[in-house]
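Structures given as structure tokens follow.
Here come two complexes built around subunit A, the first alongside subunit B, the second alongside subunit C.
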Partner chain A sequence: MDDIYLITILSNIGMISFIALSAYLLLVVGEISFGQQAFFAVSAYGSGIATAMWGWPIWLGLLWGALVAGAAALVVAIPTVRLRGLYFSVATLAFAEMVRLIFEIFTYQVEIDGELVGPDGSDGFRDIRAIYDSNVSAFEYMLIIYGLLAVVLIGFLILERSRLGAIFRMIGEDPMLTEMQGLNVTKYKILAVVMAGIVAGIGGALYAHLATYVEPKIFNVMLGVHALAYGLIGGLGTAFGPLIGVAIDIGLLESIRAISGYRMIVFGGLVAVLLIVRPRGLLDEAAMHWLRGRWRGLIRAEN
Partner chain B sequence: MRIFIAGLTLSAMLIAGGAALAGERVAADVSCMATAEKLTYDCTIMLKGKKSGEPVAGAEVVVKADMPSMPLAHNVRPVKAAAGAMPGHYTATLELEMLGEWALTLDVSGPTRDRVVKKLDFGPASDESGHEHGAMKMKDHDSDMDHDGMKMEEAQ
Partner chain C sequence: MVDFIQNCLDGIMLGSSYALLAIGFTLIFGVMRRLNLSYGPSIMVGAFVGTLVYLEFKANAVAIAAATVVGAVIVGIYVERLCFRAIRRGAAVASMVSSFVIWMQLEEIVTVVFPDRTYFFPPMVTADPIDLGPFFFKVENIVMFAVAAVMTVLLHWLLQYTRFGLALRAVSENPRAALFMGINVGAVMFLAFVIASAFGGVAAYLIVSADGQITPLFGLWATFKGLIAMMLGGMGSIPGAILGGLLLGVVEAQSIWYLGTEYRDLSAYFLLFLFLVFRPGGLMGQLAVERELAATRRV
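Entry: the complex of A and B
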């Protein structure tokens, strides 16, 4: 049982890292989104429908889920990306709640082997069994999760060293100054929102197939707030920041069983303290600059 | 090596597109009762074939609990259910982290392999005799079996 428990925790850390990275990308461009859970949800349902109801292969289901989430993000981005600060945050929250409420009433079922399969409003969507029926063990699925997470993380690291990554950070620092450089801020922000939606979507599709069951309640604002908090705790200086935030919440706090029932309170307190002490998280830009300097110094010393 | 095996498995999945295993689906009825220990519940699980109605005896049942309103946040240690006195009956003791609605995932293996998800409300325990955690909880939201005398009605 200990093995299953450990694998479950590690899998959860992996899956929630996607939505944490998704919220982090928007934080980099200077926007706070309370609605990344919507794209997680759209992909969970979308990929579940594709594999459980339409009989698509798993890889296509995962891809479809991510693309549907990206398309949903585009729909949100076009009207909202011109909003700034709190207005954007409220718009994303409103969209996420709208998505959740739509899934509360969304019913679409087909009969497969004498069983009704598909979303059934607030009763949720059961039997997303493509992975389960393929006899993939929990350990193997965990490796799949971390394999995809590694791909996304490498993508983020490449992005951060690219011109696009520099533009995203510039927009986050000062959008008006970025506009004065002749760059179309609106276009780049739409791109960031869509990319964030796709990343959240990968996590949602993986989650649906691991749990085999999703319901609208899962995708409430709690998930979005956590996703946001992970970046703020771990730091906005690198894509490893939100992963550190996830590891602190699910890994470290989970391991302290004495506070298990009060974890949300401890977590909330931790976020509040860190926002005061280190507003851009543990691994903020200054910390990353210092770490990179130390690293280069070590390399030079060895040579 | 295990990564290599997992990679091969994923490749096979991509090719096969998820071939289903044979075997009858399982219907489950779950009822839980609070124990004297805070947030600890004794659960009785009844398994039978969904079509045949035959009790599923000799199975290995692992129970995992997750809270839908706080997904991925509560990682309750999974427990292995023990076989009960009657065929198809199993018992498990769950240690939850808080009251509220939980989704119990029953992973059944042995004579048949299946996964069943049941949602239950775990409310505060109290009974007429006034024991703080003397009796019960629960509402099984999606039971697909006839309830018998073992299932208690919502106390509060």
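Entry: the complex of A and C
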């Protein structure tokens, strides 16, 4: 029983990490998005439709969900990416709320084995049973979640050491200066939004199949703002930052039952104080610089 | 046609409450250049203070309204100190996220103190709707509209004809230059926050008493309605906030009538999205956006 509880919490941490990473990627390029939950939602529905209604295998469903989310991100990115600051944030918010409200009225059902399957407006989308039909246990599914998370995380770590990562950070620092280096800021920002959409999409597809039931109201703005907060709590210096944020919020606080019911009172106050001391999170750029220096020093000492 | 006009009238009445919310938002944003997500939740707490006064003392409407405003202002000061004053300049995202976690904190405090989800909130007036030819008005909506109009005039006077208003406009234009002119920037920001919270408190009282009930979800609702109305009108512009609020109200009223309730928020967000893409400065703030864009091009 306790095992199932633990697996559920760990699976949740894994899935929410994807959306936190996606918000983090946009924070790196200097944009605040209130709307990453939209891509999470689009992929949850898209992959659910693929596996439950079209009978696709689960891996194809996950891939499809991520692709649909990426396509949705491209559609948002093209008109909005030239907007700056709060304008971009509110545009993503408006888009995400539109997506949620469209799912509230979106009905598309087919009959499978005498039962109606498919999204049914605000009643949600039931019976996304692919992982149960193919006998994947909760533990195995958790391993799938963390396997994919590891892949994405390695992708982020490679990105941060690459030219593209340097360009992303440069845009975050000063878009005008980046433009003067002859780099097309708009193009790179569109790329960042699409990548973030795909990352959120992977999380959404995983979520739909674990929960077997999705309803539009899960994907409200709270999910997106939480995703944003995780990056800022854990730190904007490294892709591990958002994961630390998620782990602190869901893992640590969920497990301390003594403060259940007062959780946000304690947590909210703590984070507010943390942000006064470290406005870019625990592992911010300066902390990462220091840590990398120490790491190199250790390696040198070994040799 | 009668329907259309009636919807417009309803929309304007509804929109006047959005306008009040947007004014508070735009005041804070105009002066601080930071987004206060806790704005809605802090006035929600104010409304619950009003509820408490009503439940404990069976107080009359004036006392409840006063308690709501005082509560909103006190919580507003708490937010200002913790999320804005204490966080250094240049860390606008940290302020925003900080105001978000404080929002979560406020909501949980309210749910701990008031364990039932929904509470009765005494109405301001109990009177029958007024008929005027083919149109009719609800009395509480007329009061809402009148209060919004009076408060707007008051704010206009405060901003344009007092020393404090001059200082506030100077800080909003350029905080550094204002500092060099001997203006106490911190104090001006603090007072702007207090005024915005008071506006929010009045708005909260009017909206909640017209609804007849209050839930902790009111905070979320108020933050996002205020934000949309502010963006529609143009960030940092007081006339824009009013127009944006009224426009939002009219659009919502029309879509409820012609499309159905489920399209109410959808059309509001759709309109907002179109505005942001094609006219990001909103109804009134376009000049500022173009100025900034021209500056970028020059560089």
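As a working rule, the second predicted complex is superposed on the first by the 296 of 303 C-alpha atoms of A that agree within 3 Å, B and C clash if a C-alpha of one lies under 4 Å from a C-alpha of the other, contacts with A are read in each partner's own complex, and residues count from 1 in each chain.
Keep in mind that, in the parts below, a residue touches a chain if its C-beta (ideal position, glycine included) is under 8 Å from a C-beta of that chain, and two chains touch if they have at least 3 such contacts.
Bear in mind the structure is a predicted one, so any value in this text is a computation, not a measurement.
Superimposing the complexes on subunit A yields a three-chain arrangement in which subunit B and subunit C fit side by side. When the two complexes are overlaid on their common chain A, residue A:R263 makes contact with subunit B and with subunit C alike.
Annotation: apex subunit A, arms to subunit B and subunit C, angle 90° (C-alpha centres, rounded to a multiple of 10). Within the superposed three-chain model, A:A38 lies out of touch with both subunit B and subunit C [touch as defined at top].
Of the two partner chains placed around the shared chain by superposition, subunit C is the only one that A:M98 touches, whereas subunit B remains out of contact.
Once the two complexes are overlaid on the shared chain, A:E115 sits against subunit B while remaining clear of subunit C.
By the touch criterion defined above, A:T51 reaches subunit B but does not reach subunit C.
In the superposition on chain A, A:L27 makes contact with subunit C only, not with subunit B.
Once the two complexes are overlaid on the shared chain, A:I131 sits against subunit B while remaining clear of subunit C. Minimum Cα separation between subunit B and subunit C in the superposed model: 5 Å. Overlaid on A, the two complexes show subunit B and subunit C touching the same residues of subunit A, namely 222, 261, 263-264.
Of all residues in subunit A, those touching subunit C in their complex are 27, 32, 79-80, 83, 86-87, 89-91, 93-95, 97-98, 101-102, 104-105, 176, 221-222, 225, 228-229, 232-233, 261-265, 267-269, 271-272, 275-276, 279-280.
Every residue of subunit B that touches subunit A in the complex is listed here, in rising order: 2-3, 5-7, 9-10, 13-14, 16-21, 25, 39, 51, 62, 64, 66, 68-73, 75, 77-80, 97-98, 101, 103, 105, 115, 117, 141-142. Residues of subunit A touching subunit B in their complex: 1, 4-5, 8-9, 12, 15-16, 51, 55-59, 114-115, 123, 126, 129-136, 139-140, 143-144, 147, 207, 211-213, 215, 217-220, 222-223, 226, 249-250, 254, 260-261, 263-264.
Residues of subunit C touching subunit A in their complex: 29, 35, 37, 82-83, 86-88, 91, 93-98, 100-105, 107-109, 112, 220, 224, 227-228, 231, 235, 262, 265-266, 269-270, 272-273, 276-277, 280, 296, 299.
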